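Since the structure comes first, as structure tokens, the remarks are kept for the end.
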């Protein structure tokens, strides 16, 4: 896990990078002020556009089943936004700190089941249940992280996987009738504030999901910009270097693990509200694997990559199932039709290809495109760091 | 007394299944440093191949031949995965894990596309459905079959590791891979071999697991895989005997606690055992040695 | 026979070798010297392909850089890494058997030099003393015909008596095969080496006759950081190098 010269450690994003050293690829210290402004403003513009989207009645056939403001489309979009935020939160661990956790679904499930149980069984008001569930997730992450982080690399991956398995078993076994077992636990709508209940109010759930994504993006952005993010990047590249500075890698990793777990629990809360309950699939290891796939597809360690990866993955996962029924697929020979109607087959195959051919994910592709245009405009500079990467990855 | 014997043998049978999965996983991990999420896929491939062949063969040798076919398919898939997908990513461990993750997602979906998501009835031979009287308990034969096969596999693996040239290379490679290369040995050829062995054993586990569970389904491998991971970590990654001890411990613990406690408590105890072992002996029971 | 030109390598972003250029004669011992962390071990690892590197390395005129380690070793480059790296879980006999890469390995030579390896054949290598482990490591080399041996700090951490034994064996071996030797113990260097190459900060700082270097106290001090008192015999001279060896990649 420590070999960071390979793309195993995702390409260092410009925002989190230490001062560019000589020969570092993508180093463009003299970025025009206009572009810098665009970089700062563009996310806000996108946020505003996303916020006013529900007032649009545009119908995009093939992409969505109904117009943009129809409840079905809004719920799909809300789900995409939630997973965009969850993937970004997971990437704090994977892309920023280089920690390969296979148990992230646990914290998501704690958030979703937590809020669900507190509202439905314990009859708490929502305003109290939400922070309780989110903080509960963070506390559990702190506790389990303090054990799991005693191991590193692949052992860490296995331990987190095993811990999450307990959550998965618990949700399925329905202890004390709390979780509803295999069926899951539907949220008791009568105990929720009215504006979150009913098909007509789907738009509020959409805004809630958007707000969650904005919160995660803000947190990740602060982490990247602050000195704390620099330490994380250092940890990922070479733990010893951080230890030499007198900083404890363990503590930094634990804080990140807790923060990421708390964000996941918050995402679970929002998920439970959007979907109207919690189900055991939330706690399954497959869900963590999906988060990993989202982060890698989008571009781990980049600012927006995981968000885009999460949105795209969720969209495809939801839409490919119905795509399997379209005429384009139905007329294919059986050998092709059967696999293509399985969203996970398509996504898994795309993911494998991405690992080989687009190590930086979508964000990496974009950056390579930019580098290419720059190289075409200017005389190429010898790219030293890339040279060593190739030699390592032989 | 009868209950205890039955529980013990059932637990050992489960442990035998875990061992078949974990030993290959452990060798792959110990030698090639690959956390192989696709191992569950190897198991499912073996199970479906046996199921497919078992439905077409009859007679007293029909089932054993079908199992051999399943094992061969598991080995072939294991070897191919290493050659085609893992080898190009040598020295990039995270990417290797990612590829096996993608493979497990896509592979299970592919099986589902071919044979549906629902469990299929397994063509177990008649005698595996009967019981044998052991120390006053009526023990289903499938458990005895699993235990017997696991013991034979353990002995065979240890003999292979101890007495063959490749076994020597694997044992040395688990300790220090770079030094094996520095002795002029192409250690990557051993990677392919270990993946094929792991695939074969997972295929065997799939074939026999079908008998034990009475059916096959695409997701079967994935759920067994998590416990196999736990066995590997407890036993010490890379150690075959460590896996054997850990598999027995996990199988018995799970069975007894699930029976005497509430359902699911055994699974949780297993994870607790993992946490304890990690805190006390981070390298697992056996540390880093192949045998 | 070995020709290294402009060898450059990076480890985790630091430029550990910055254009190392030197040659090794077809006979005798060439010592690769320098303070801790100047890149001696990295040079050996880069030559053997364990470390990605640029530049050119030729053996008898044949370019070898970028070829996989096991091919280079099969082509006759024998290597004993730092810390010896015997397989602790394997028996002495198994350690030797693993190293055989020709049909008729030269067990006679190995057992005549190290009779102990025969009597301890069934013992686990991990339970051997440091000196015995070094015998296994050197024995592994001598089983096969080699064109050049690369040996990294063979006397590190050994008792003075054992240092003398290992030195004597290396002197015998050097009569048959050229050796590129990384060594901190200057008494050993003085005894064995004909030529010396001194590295400083990833570059060759000095090369020439070993006697010229060790005979000149000022030069030795400035290049290697050891005083003339360290040039005496025995392990005493090894003292400055005992600290922070791990820093040498």
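Going in written order, the chains are labelled A, B and C, and every chain counts its residues from 1.
By definition in this document, contacts are C-beta pairs under 8 Å (C-beta built on N, C-alpha and C of every residue); 3 or more make two chains touch, one makes a residue touch a chain.
Here the structure is a predicted model, which is why all the values come from computation and not from measurement.
*Asks:* Would you indicate which pair of chains has the most C-beta pairs in contact?
*Replies:* Chain pair with the maximum contact count: A-B.
*Asks:* As a test of understanding: of all chains, whose mean C-alpha position lies farthest from that of subunit B?
*Replies:* C
*Asks:* Measuring from the mean C-alpha position of subunit A to the mean C-alpha position of subunit C, what distance in angstrom results?
*Replies:* The answer is 49 Å.
*Asks:* Measuring centre to centre with CA averages, how many angstrom lie between subunit A and subunit B?
*Replies:* Their C-alpha centroids are separated by 31 Å.
*Asks:* So what's the Cα centroid distance for subunit B and subunit C, whole Å?
*Replies:* Comparing mean C-alpha positions, subunit C is 43 Å from subunit B.
*Asks:* So which bits of subunit A are touching at least two other chains?
*Replies:* 392, 394
*Asks:* Please output the residues of subunit C touching subunit B within their complex, sorted ascending.
*Replies:* That would be residues 48, 50, 68-70, 73-74, 79, 81, 85, 87-90, 94, 97-99, 101, 140, 144 of subunit C.
*Asks:* Applying the document's contact rule, which stretches of subunit B touch subunit C when the two form their complex?
*Replies:* Subunit B residues touching subunit C: 168-169, 171-172, 175-176, 178-187, 289-291.
*Asks:* Help me check something: in the complex, which residues belonging to subunit A touch subunit B?
*Replies:* 1, 3, 6-9, 100, 147, 150-151, 153-155, 157-159, 161-163, 165-166, 169-170, 172-173, 175, 285-286, 289, 292-293, 296, 338-339, 341-345, 347-349, 351-352, 355-356, 359, 392-394
*Asks:* Please name which positions on subunit B make contact with subunit A in the complex.
*Replies:* Contacts found on subunit B: 29, 33, 35, 37, 85, 88-95, 97-99, 101-110, 112-114, 222, 226, 229-230, 232-233, 237, 262-264, 267-268, 271, 274-275, 278-279, 282.
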